[in-house]
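By written order: A, B and C. Residues from 1 in each chain.
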Amino acid sequence: MFNRNYKEKMIESVLFSVSALTVVILFLICLFLFRNSLFLFNDFSLLDFLTGRFWYPTSVNRQFGLLPLFFGSLIVTVGAILFSVPLGIASAIYISEIAHPKVADFLKPFIEILAGIPSVVFGFFGLVVLVPFVQKTFNLPTGQTALTGSIMLGIMALPTIITISEDAISSVPSTIKQGSLALGATRWQTIYKVIIPAALSGISAAVMLGVGRAIGETMTLMMITGNTAIIPSFPGGFLESVRTMTATIALEMGEVPQGSDHFYALFAVGSVLFIITFLINLIADSIKKKYRFKVD
Amino acid sequence: MGLSSKTSEKIAFSLLTLATLTVASFVLVILVYIILNGYGAISIEFLTEMPRRMMTQGGIYPAIVGTMYLIIGSMVAALPIGVIAAIYLNEYAGENRTTWLVEMAINNLAGTPSVVFGLFGLALFVKYFGFGPSILSASLTLALLILPVIIRSTKEALLTVPNEYRESSLALGVSKWQTIRYVVLPAAIPGIVTGSILSIGRVAGETAPILFTGAAYFLPRLPDSIYSQFMALPYHLFVLATAGTNIAKTRPIQYGTALVLLLIVLGLNLIAVLIRRHYRNKLKI
Amino acid sequence: MTEAVQNVSQSQIEVENLNLWYGEKQALKNISMQISKNSVTALIGPSGCGKSTFIRCLNRMNDLIKNCRIEGRVLIEGKDIYGPDVDAVDLRKNVGMVFQKPNPFPMSIYDNIAYGPRIHGANKKDLDGIVEQALRSAAIWEETSDRLKSPALSLSGGQQQRLCIARTLAVKPRIILFDEPTSALDPISTSRIEELIMNLKKDYTIVIVTHNMQQAARISDYTGFFLMGELIEFGQTRQIFHNPQERSTEDYITGRFG
């Protein structure tokens, strides 16, 4: 019997050690990203990196200014969110409150297909369909613009926003709904006066995760936004070419000599990206924890 | 408000319906467009031949093989770790700081951009461990990416195993681990398989993590060891569409590659959905 | 509280001053009871009275619940099962349990029965015999002998519950605990299980929790009445039902509450 207890304890410790690996991995990611970034700041000031307006990594007078890349990511993400949040929340309401259950059962997995399509396929589709379309519509020299990226990225963020919002809306207890209907409110009044407010924090979590998804997207944007590292104006910048933080890393990492300042600068951009998504996840997580209704 | 509540309800519902139809049409348009343009390019030769003439002709065989290697490599690394971590979290972990830390780590790994995984893979596997740009480095990088997916889906699968199974096994004088091993895990297998298939789809489609960890623009022959570089479907599509020797001329190959990739990923997703449907009601007592 | 009526020297389970807390909430208050060998003891009381919590102390199933604290002693065959040298896993081999809802594993009928013996190291060639013996003892052999390989979940609810009894018997316990075993079953299945329980008492000591007073009256030798975590009255079933000493017992039995 003591032999068995010993064995059970051993198994538990092994299982624990393996699950603790996830923490180790996260720690190693921080360590390797930050350590490689620090090498940049031997020769280059952190302030200049964070506030620099120019990204000229290969010119004689090298400059590693984050701002054009940061604002590139920002404008594309803002555009994507403006496009996908209303559409996504509307669809989530339709699926959970209005559609016939059979229709909803079809629509949910159908929209989920978007989550499965590889980003390089989205990028390819954007390149062959959306880029020429944007170019013609707005009569531009090139269709590879922030707007193009925003639209494509918005489509990619839709499944995240819809699935999580739908979940939040469905988890509003039906007693609340029935209470409102029993007072003579119409279904629509019940939806926007009772259900949406009740599901609001879940919906906000969905939006946050959508932002996280958008800001981290790489391949699609690299293929359709033109990759010009200039701080975009607003809102005119939507019709200009931009370069995001993710695209910068993906584009340049293949060509830089390892151990150069440029190499470390890309790690610094990666660190910024990591910190941003880390914070977004933390916020989304804490919002999500709050919204769960206690239903027995 | 000038409108009667009935009228405003009608307008609102129409708008919501329109929004949903728009979203559904995105799915439909993308799928139909790739299928219509791609299916002409697909043939047995396309799937089984090497690229020829600077990739302007021939097939995508090495890219398919490379993607297969990545799938196998990353699953071998991530599946056992993910399943074990999920078992610990669902069956053993108490509500304490350590558990919170592990859950937090998993959530953040799930939200970390794939290009950051690529950077990390480059720094740790390619450089620090000295695996070089290789199948090994890329597989391990992808394994980190899908680890949270596997942990989450396995946890969910374990959660659906009724507690009655655990109790009645323990009541027979069976130890906790034996109960997990012989009752809980077998009952959770469909859910674990579903999660694994979804992560295979993810591995097949990801590009950013393999950019600096071993994906090659073009290789004249198939990889011969885990330390070789490789071609992969998503990277192949990216290269042809943006940096090929003749982008316009290779359009048919691009469409074909996109379709093959799409079929693999969506086929895997479909299988996962079907397995989930099939077993959804089987576990209820 | 009335003193237990039976001969102390024959009792197989002795509970002394048992207290149990879930966190801050006390669920069992100072329970003492003696349960004799080869008898059926029924525990009755309104829901939430602690009878199920109590029965789960006898095979230490409460160990699985977080924040559960137990004081007092439970002696089985003279040995304190909460003693430092007692292993809950070994204990449960001797003290089997049948649950409220029939809960066969998602395996074949045969594998359900063989599950316990296999893990406890039964010889492969003995398994067929063990399975048949257990199914016969649980009065379900006739219905299942020709389809041992079919899934246990294909059986009816009543059959599933007898299968679960057989599964418990296959581990060869000396005591069997029944936690409302018929509350999810139809009347015909219920009477088959009751009949089975009465037959099993030849070889086993049986403790059964039930919300059905007629069932307690029909099948048990001794009855304990629980109310709000206390054992109000314990004695021979006939006496409890015909001549209860406590007012609240009488109220409950005559249906005035609960």
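Quick notes on this structure:
Just so we're on the same page, contacts are C-beta pairs under 8 Å (C-beta built on N, C-alpha and C of every residue); 3 or more make two chains touch, one makes a residue touch a chain.
These numbers were taken from a predicted model, which means no experiment stands behind them.
The most centrally placed chain, judged by C-alpha centroids, is B.
Compared with subunit A, the chain whose C-alpha mean position is the greatest distance off is C.
The distance from the centre of subunit A to the centre of subunit B, with each centre set as the mean of the Cα atoms, comes to 17 Å. Note on chain placement: the centre of subunit B and the centre of subunit C lie 48 Å apart, centres being C-alpha means.
Here the CA centre of subunit A is 55 Å from the CA centre of subunit C. Within subunit A, contacts with two or more other chains are made by residues 4.
Annotation for subunit B: residues 175 touch two or more other chains.
Each of residues 89-90 in subunit C touches at least two other chains. Residues of subunit C that touch subunit B in their complex: 59, 61, 64, 66, 89-94, 96-97, 99, 101-103, 105-106, 115-116, 119-120, 164, 167-168, 171. Interface residues of subunit B, counted against subunit C in their complex, comprise 94, 162, 164-165, 167-175, 178, 182-183, 186-187, 282-283, 285. Residues 5-6, 8-9, 12-13, 15-17, 19-20, 22-24, 26-27, 30-31, 33-34, 81, 84-89, 92-93, 98, 101-102, 104-120, 122-124, 127-128, 144, 147-148, 151, 175-177, 201, 204-208, 211-212, 234-235, 237-238, 241-242, 251, 254, 258, 261-262, 265-266, 269, 273 of subunit B touch subunit A in their complex. Looking at the complex, you find that subunit A touches subunit B at residues 4, 7-8, 11-12, 14-16, 18-23, 25-26, 28-29, 32-33, 36, 86-88, 90-91, 93-95, 98-99, 107, 109-114, 116-125, 127-129, 155, 158, 162, 186-189, 191-192, 209, 212, 215-219, 222-223, 246, 249-250, 253-254, 258, 266-267, 270, 273-274, 277-278, 280-282, 284-285.
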